[in-house]
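A, B and C are the chain letters, set down in written order, and residue numbers restart from 1 in every chain.
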Amino acid sequence: MADVLERLGCQVDFPKAQTCCGQPAFNSGYPEDARKVARHFLDVFRDAEHVVVPSGSCTSMITHHYEEIFAQDAKRLAEIHKLVSRVWDFSRFLIEVAKVDDVGARFDGIVTYHDSCHALRELNVKEGPRRLLGKVRGLTLREMDAAEECCGFGGTFSIKFPEVSGGMARTKIDSIRKTEAGTVVSIDSSCLMQLQGVIERAGLPIRTMHLAEVLASR
Amino acid sequence: MPGAPPENIQQTIGDQRLQLAIYSATGRLVSHRAGAVSADALPDYQELRTFANQIKAHTIDNLDYYLEQFEANVVAHGGKVVYCRDGEEVVDFVLNLAKERKARLIVKSKSMTTEEIHFNDRLERHQLEAVETDLGEYILQLAHQRPYHIVAPALHMTRYDVADVFTKSLGVEKETVPENQAKIARMVLREKFLAADIGVSGANFLIADSGAVVLVENEGNARLTTSAPKIHIAVAGIEKLIPRAQDLAVFLNLLGRSATGQPLTVYTSFLSGPRRAGEIDGPDEFYVVLLDNGRTKLLADPEKRQSLYCIRCGACLNHCPVYRKIGGHNYPWVYSGPIGAIITPQFHGVGRDPWLPFASSLCGACAEVCPVKIEIPKLLLKLRAEVVEAKKQEGAGGVERLAFRLWAWVMTHPKVYLLLASLGAKFAPLLPPVGPLRKWTSQRTMPPIAKKSFHKLWTERERP
Amino acid sequence: MTAREQILGDIRKALGRAEGQPPLSLAANLNPLVALGAAPLAAPVLRIPKTDRNHYTTLFVQNLEKLAGKAIIVKNSAAVVPALSELLEGKLAVASNAPMLEKCGLTRLAGVQSGFMDRAALRAACSTADLGITSVDYALAETGTFVMLSSPREARLISLLPPVHVAIVPRARILGNLDELLGLIPKPADQTSSMVLITGPSRTADIEQILIRGVHGPGEVYAVIVEEEE
């Protein structure tokens, strides 16, 4: 991601104090612990010009749920309101801020795109990644039927209900296989980890890649 | 273990035949809905959802007012309203009325509210026969099962299952053609309709300004239930109210489309009071039972209150990847799927099925299709926090609680985080697969951990 | 405490409302209470189609046929009986007391029983009849729907018990959609104990989502649209 952004002339900073957005705790019923981590996030990123996040789910946590997390904390609530409009998932940053859809990448092969749930339904990210992939030389984008269906990860859900989660991933992978794509692309690393794990277990010749990795290819 | 998810979940997932039945049925409902709410078919679909949400919000926020208005209008049209705190009060009312009128046979049209209070079983104990007349519900009654789905109750059964049920219960010859199976049901149930003393229906909507019960259906069994017997009793949850008959336009435009993709279901009945002077047929007595059964408990929290907006279209079930894997019977109550996952803990307390709010990947497909815009994932999160809190009160769940506290501490101390990350990269591959790791690897391989963390790579990149 | 008192009391307590307190009206949009969660009620939303009324007949027929209903268009009431003669041939039918059916001459046909005012007699006739013949109060073009209000002229069971339902639809009675109907009849309960919208033949998909027609109600539905009738 950093490579792509720098190629576009952005000055990329990686604050080393960064850790997590707090979503794992928030989604598991521990809003108090999530709040602690969210405060840390805010301390680290408060003054950034733009925050670009390589995950739709984390982006949505910050832009959609921090408001609730800081509901009782007027000072931080005001800070997060100021910050929210500068927090982007990678694909939207490229299209809406950097205003590019062709980053000059080359990637040979058939690719299918997996809509990660939070990017799709909370951030409304749908066309952007497809537009970016469409401009990659050598790349054929082939839609699967179940593009918008969940991969089954869902954070601790994947551990609390492994059979259900695994079953969901296998349904998704059946749909990916029908496209004959060699690569499945997403903007969420957690979906990719889930899919990769099940693909490997099944011994299938499909690899998972983050959108940034594809766009960084030459 | 009490409160653990049912072990049948694994069985359901492993049952190829059942998985196919669930997938193809919900898949069809999904595609029918998609066609019916598309921009071509219903250009103002999103506006309608917003209106529906606003009307429900307003009604629930002023529920006592509309209940009283409804009651006054039912009475004005010659009907009676009976308030019931729970299922027992409903059954008592029906038993007394049946005794007074010397009634023996009750025909019923599909009603989730009566499923909720085990109406049929309770009446049966008092030697009063209540026959389900919706085809799916009838099959399930014969098979002694509860509905698998809010809208398509026998969704999990094949024609061969139905053939077995009919042979066993009705003594008919084995018949595996669905069309003929429907004929058998029509024949048996037609006799019941004509012999029944009382018809019991549910209600899709109660109209406050008219004192009317609105029923939507496709088969005609609800029309028969409410028109053939001399007594009609509608059993409805108190949340079914909408203020005006004119508001029906918004809801009817959404309900059929969301449920089965139909712009309107085959029959929509708008019923108020017993037959009027001069009307040739219709019931002589008309009762509306308004059931609480825990609903008032859902009103106190202004956010959770929206759970009562549900119009039972079933779209959230059809679109839920978890429902589509685990099916309807693994949910602990008659209401399954995402809507079941948010209302069950609120009706029965979060302690009874603590696993339920966690059985979701929070993908949000349910909220996206909900015609009244219930924020299901948000409510699931709220209920998760309540489960955690309830466990804490009981002194349970300490390990997980400690783990999250530790995690939060690490995540707010970047140096510790970096240290642990680099240790993790070295030692993770050596970890034995126990605990959460074993659960993960039961389905998938472990993701390889990068030898160098991004933090490290970045530092090297800064000092070329 | 009665169940009624308890339930209404519990509701008021949970919502923080007083007995008899009216709900917020549309004008309450500016009321500070709205911000506290009590939503105001806006005027009813009725989406009346802008289609040319002349297209309603075509639209109605199209939509009824999509549902496997059948439509016959005739010029005037005198043309109804000839149009139905084949369908009624040798069949037993029950006709409603709607003046329209008499005007068409349907009630005078052999095999057609009519004039029922007694519930038991009507029920008995309907349970053995091959067809039920009715008028309609309105029809809805957008959905192919019959609208029927129960009255001394129209019983409920004639359109329900026989396996075939024939409805005589004066063209002028075809409205655009449900919203237009509710605009015209804002409170159906003031006129009748039962208003039913009938949209195609009775159907079910309860077994394997396979569509089956005529499970409890009529499996065949005919509309005879009479162009020159009000």
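As a working rule, contacts are C-beta pairs under 8 Å (C-beta built on N, C-alpha and C of every residue); 3 or more make two chains touch, one makes a residue touch a chain.
All values reported here derive from a predicted model rather than from experimental measurement.
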Chain whose Cα mean lies nearest the overall Cα mean: B
Dominant interface by contact count, named by its two chains: B-C
Centre-to-centre distance between chain C and chain B (centres being mean Cα positions), rounded to whole Å: 28
Between chain A and chain B, centroid-to-centroid distance (C-alpha), Å: 32
Euclidean distance of C-alpha centroids - chain A vs chain C, Å: 51
Shared-contact residues (touching 2 or more other chains) in chain C: none
Chain A to chain B touching residues, read off their complex: 2, 14, 16-20, 22, 24-31, 33-34, 36-37, 39-40, 117-118, 121-122, 148-150, 152-169, 171, 193-194, 196-198, 200-201
Sites on chain C touched by chain B in the complex: 2-4, 6-8, 10-12, 14-15, 17, 19, 21-24, 37-42, 44-47, 67, 97, 116-119, 122-123, 127, 142-143, 145, 150-152, 155-157, 160-161, 178-179, 182-183, 185-190, 192-210, 212, 214-218
Sites on chain B touched by chain A in the complex: 5, 9-10, 13, 321-322, 325-326, 355, 357-365, 367-368, 381, 384-389, 400-401, 404-405, 407-412, 414, 417-418, 436, 439-440, 442-447, 454-455, 458-459
In the complex with chain C, residue positions of chain B that touch it: 21, 24-25, 28-29, 44, 48, 51, 54-55, 57-58, 61-68, 73, 77, 83-85, 89, 133-136, 139, 152-155, 157-159, 162, 178-179, 181-182, 185-186, 189-190, 194, 207, 209-212, 218-221, 223-224, 226-228, 238, 243-250, 252-253, 260, 262-276, 278-282, 286, 290, 292, 296-297, 299-300, 302
